[in-house]
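Below, subunit A partners subunit B and then partners subunit C, in two separate complexes.
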Partner chain A sequence: MPPREGTYGLLAEFDTPGDLVRAARQARQDGWRRLDCYTPYPVEEAAEAIGFHRDKVPLLCLIGGLLGGAAMFALETWISVLAYPINVAGRPTYSWPAFIVPAYEWTILWAGLSAAFGMLALNGLPALYHPLFNAPNFRDGATTDKFFLCLEALDPKFDLAESKAYLENFRPVSVVEVEY
Partner chain B sequence: MAHESHAQTHAKTLPADLGAPALVDGWRNRALVVGVIFTVIAVILAFLGQSQDPEHLGWDHFLRGWTMGLMLTFGFSVGGLALLMVQYCSGGKYGLLLRRPLEAMSRTLPLVFGYWVVTAIFMKRLYLWAQFKGDADTAAAVKAGILTEIQKHCIDFKRPMLNPFAFVWVSVLCFAIWGFYTWRLNALALKRDAQGPETTPFWIKKFENISGLGIVIYAVTMTAASIYWVMSMDPTWFSTVYGLLYLVEQGFQVLALGIIVTLALSKAEPIRTLLRQTEQHDLGKLTFAFVMLNIYLAFGQFLIIWSGNLPNEINWYLDRIRGSWGVIITLDFIFHWLIPFSVLLSRDIKRNKKRLTFVCQIMIFAVAFNQFWLIEPSFHDAARNLHFSWGILEYVAVPIAMMAFWIAYFCTRLKTRPLVQVNDPHLAEILEPEHAHA
Partner chain C sequence: MATSELKTKDPGIDPATGEFRVVDLGQTFRSITEKIASIVLTPRTPLGWFAYFAIAGAGTTMLLVAVTWLFLKGVGIWAITIPVAWGFAIINFVWWIGIGHAGTLISAILLLFKQQWRNSISRFAEAMTIFAVMCAALFPVIHVGRPWLGYWLLPLPFTMTVWPQFRSPLMWDTFAVSTYATISVVFWYIGMIPDFGTFRDRAQSRFAQYFYGILSVGWRGSVRHWMRYETASLLLAGLATPLVLSVHTVISFDFAVAVLPGWHTTIFPPYFVAGAIYSGFAMVLTLAIPLRKYYHLEQLVTERHIDNMGKLMLVTGFIVGYGYGMEAFMAWYSADHWEAFTFWNRAFGPMGWSYWLLLTFNLFIPLTTLWSRKLRTNIAFMFVLSIVVNTGMWFERFVIIVTSLTRDFLPSAWGTYRATKWDYMTFFGTVAFFLFMFLLFVRFLPMIPMNEIRLLLPQAKIKPKAAVEAGD
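On to the complex of A and B.
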């Protein structure tokens, strides 16, 4: 694939999450679909405002947890019943209460790992490059105290001059054009 | 700052009338009707059970059901006080919504004390150790076949602690301590509201200081009460985690009731304005933590005793597993952990008022069900032998009646104060729109 060129989108900067959410909600309502919010901490309302849809992380987490628990329980059962049966104080070799704790630990471990790595994978991370980092105010503010709304050039409604004026309506701190 | 001006322009306004809405009167009236009906049913069942061959245990079952009702209402009352203190120490916006319901729960203590007095009066029918005055009595009982050697040994050995005098005075002391904290926190809360915002930092510190020590004292007194009132029904057994189990159970039931009450109150002002989904979600998450903590301790106790398999410990579990009791503990596991855990995992359900209320109702039922499993097998006639008698239905009738009267009392307590504390920085925060929770 040849490297992309031209405009990635228009980036509006806001000082408060409230302003961002209102701008994002309005943009979505006005028919924008290729748009994204960038905030220094999770702002759930921003996700809702741009038509956030359900993702598969909870499902991955659940499957990971169940598989982890089942795997450890099966391992313990196999060791105690088949591979190395041993008489512990006359208890049956299949002594499930003793298996619960490691199985539980593995449930948590695998649920956690599946959620974390599943989230990264579904986000397309790790990524080596993202055009937004071309904007200096984004580099400085996106992880500290600024809230950004980006209208992407891929959206059919996108027009450099008109969209810029549209974003100015929301009275952002600034609107900048971002190159690929 | 832009953020502040924004928050002010979009914040909701606090309703003028912060008092409890009229629907609380409706709850109270309904609770009173239920209470009266189930009192009648309980008395009828006691007579039926008393006339039933061969056990004639109607009134004994009535008292056992009474103990269950005592533990439930005690859990709401003193557990409410405990969660109030925890909340004063930990802070959190969710807590502001619960504070007045929790205060109202704590102020039901006189009724719980009344319930306890009945238990104390009929001590001899509930506690084996209360029937024997000294070593000579127990020796005679062994000869007569009333006690086993092991029971005799345990009762004699534990007599310095398990005797009617200690039972009454330890319990009264505990009630006095809980009463003191209830009075202090409730009185100061009104004083706090009467003063201006410049006093807020002082009050936050003040409540923290009272509650911090209060939580520690609560843990100790709670342990004593649960040992005397329930664990000692079987004088041969002991578990060091028992008090903690009851403590977590109280958090479990108080949060469940707190959520039910808050969501029900949100049908009318002022809570309709004050309850945001964020706080409802937080309450759901906290409840989920208690569901987990409860199974952790309950299973931990079982695993340790199962591993040790010692004759002085394992019998307590065998009494509660064999003879069809296994069915009860399996159901208990399902109601107490499996259902709340699986359901509360879901974010959507925690944010849905109807469904969250339903889960909380199941949780409160589970707490009662668990009490049945703890109490009934402590008695010789029921240990390793789950069987039907009219009397066993007292475990439904008596606690429902007691709970109903407790709820009626709780509603009157709830009516006496505004539903939200105004001298608190969290109030401005929960009036902000949800996306401004920075």
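On to the complex of A and C.
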């Protein structure tokens, strides 16, 4: 369990995405692993800089879609063949071409729901509280026009004074300590 | 080149591309955020908003009255009879669903094609989709006569052990439309989460902070979150694309699978989808033009958007034109007596006026004028044209449904159709309800995706270190 009191990390604020990406890349090269960037829009270069490459959302989406489609097709077959077989103009009860349309729709439905809610779950959202919201400059910038690099206290390299000096090297706008 | 002259004069044109700019010059991350957020977070609602809201609310009340009377008396208050058992209810259903399609096209298909100009208009186009689907879904439910038994459409186990019949296109419709509504809402909401985060952080009042805080599910803009978010958005776009094409295809099956002359044709699926997108773009223009004016969003919804939507309408208009042409051709080429008569009856029968009206509104006016760049960027013209096209598209469905049903195989079964005041009240009531929902959306939700607009600004480009030090 992470500690629930003390320092969460150090938060450096930058004005441009370029400064953030350079700082994040350097920190990653210097051996930092518990670090994250916060940006007002997706900055792919920053994700690469901190070593985040693959995510599992597509896998969830695929599984959800396959299960959804199979479930609908099975339901249609069960209803039409076993639960409530009715003769419509002599057509076979197992009319699989007609069953494709709802199965197709359910493939999309469950693939989409899995992608959307899987993304939220993998991100650990909803999480209405987060220590970063305690930082005085975070909420005015992170969702508007500022770019943040956070070195987390859980990283073995973390030392409050040293890490602060380390971040100052990148010439950020400010470096603040974030409490839990 | 004809555009070279424009290039030098017009500041709205990017000299590098010769196209109109997507976002005007001189915007910063903060300025666009404040511009969009202030519309919602202001404590003062513009008086005009209340005026429109009152009108839309009155119209919605009229819808409630019409629907209440319908529930009390039954569908007999409408003009539907045999042979026209599908009257206004289905015309309006198809029309509304079609309008929704452009929203998904803008938010999903143009995203996959990396058409970044879509970013400014995608959010309210998606909102338009959702409200249009709400209006559409109302009609089949109230048309069944016993709306409290509407759940029979779903494969639910209940005491009578009756199950739906999956070989019917009407059943496919249930799944297509309900999936479309669900995925559209999810896509829309997921798209708004980062913007809700911005609202939470910029809101002054305690209530707004809580309200948008909960809606934002604690979004904090971590790049790890952003990357999964981007993957999920692309996947949803990739899923919504085949979905939107399937929805109007399935709706066209309601007609094409029947043996009625004028309905039983293979051109229907592509022709319905193109018509849907055509009317949808017209509706986006109908909404975007007043919005950009009243909220001073000309720098974000620029002439580029109006121009591009004009071009898309031109393309889809021609596909629709091809559909009309094919119907006429097949009436002759099939050598089918009933097909030929149905076409003749559409053009020259007792309701022939509606066919010529639809040709004028959908083909003659738009397809002759939309070629001109001057007219495509003439805002007043485009607004009028958007209403013309939507009227034309409504009449297209009227022609398909009413003329085919009033004249089927046996002359002894022929009839006529004249809508009652309850039909009109229900139809115009849904138009008002659509506006009612849209006004609420504009007031309380981010109508332009701030996070996507930020990406369009030149500041979002990451420059190499050398260029920064050189002072570029």
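Note that in this section the second predicted complex is superposed on the first by the 174 of 180 C-alpha atoms of A that agree within 3 Å, B and C clash if a C-alpha of one lies under 4 Å from a C-alpha of the other, contacts with A are read in each partner's own complex, and residues count from 1 in each chain.
In this section, a contact is a pair of C-beta atoms (placed from the backbone, for glycine too) under 8 Å apart; a residue touches a chain by one contact, two chains touch by 3 or more.
Keep in mind it's a predicted model, so treat the numbers as computed, not measured.
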Between subunit B (first) and subunit C (second), which, if any, makes contact with A:A127: first, second, both or neither?
second
Of subunit B and subunit C, the chain that contacts the larger number of subunit A residues
C
Counting only touches as set out at the top, which of subunit B and subunit C does A:R171 meet: first, second, both, neither?
neither
Touching A:A115 in the superposition: subunit B (first), subunit C (second), both, neither?
second
Taking the superposition as given, does A:A46 touch the first partner, subunit B, the second, subunit C, both, or neither?
both
Taking the superposition as given, does A:A98 touch the first partner, subunit B, the second, subunit C, both, or neither?
both
Which of subunit B and subunit C A:R33 touches, first, second, both or neither:
neither
Which residues would you name on subunit A as touching subunit B in one complex and subunit C in the other?
16-18, 21, 41, 43-46, 58, 91, 98, 101
Can you name the residues of subunit A that touch subunit C in the complex?
16-18, 21-22, 36-47, 50, 52, 55, 57-58, 61, 65, 72, 75-76, 79-80, 83-84, 86, 88, 91, 95, 98-99, 101-102, 104-106, 108-109, 111-113, 115-116, 118-120, 122-123, 125-130, 132-133, 138-140, 142-145
Using the touch rule from the top, collect the residues of subunit B that touch subunit A in their complex.
2-3, 6-7, 10, 299, 302-303, 306-307, 309, 345, 347, 433-436, 438
Taking the touch rule as given, give the residues of subunit C at its contact with subunit A in the complex, in rising order.
28-30, 33, 155, 161-167, 169, 171-172, 175-176, 179, 182-183, 186-187, 190, 194, 197-198, 200-202, 213-214, 217-232, 235-236, 239-240, 242-243, 246, 250, 253, 451-452, 454-455, 459-460, 462-463, 465, 468
Across the complex, what residues on subunit A touch subunit B?
15-19, 21, 41, 43-46, 58, 62, 89, 91, 97-98, 100-101
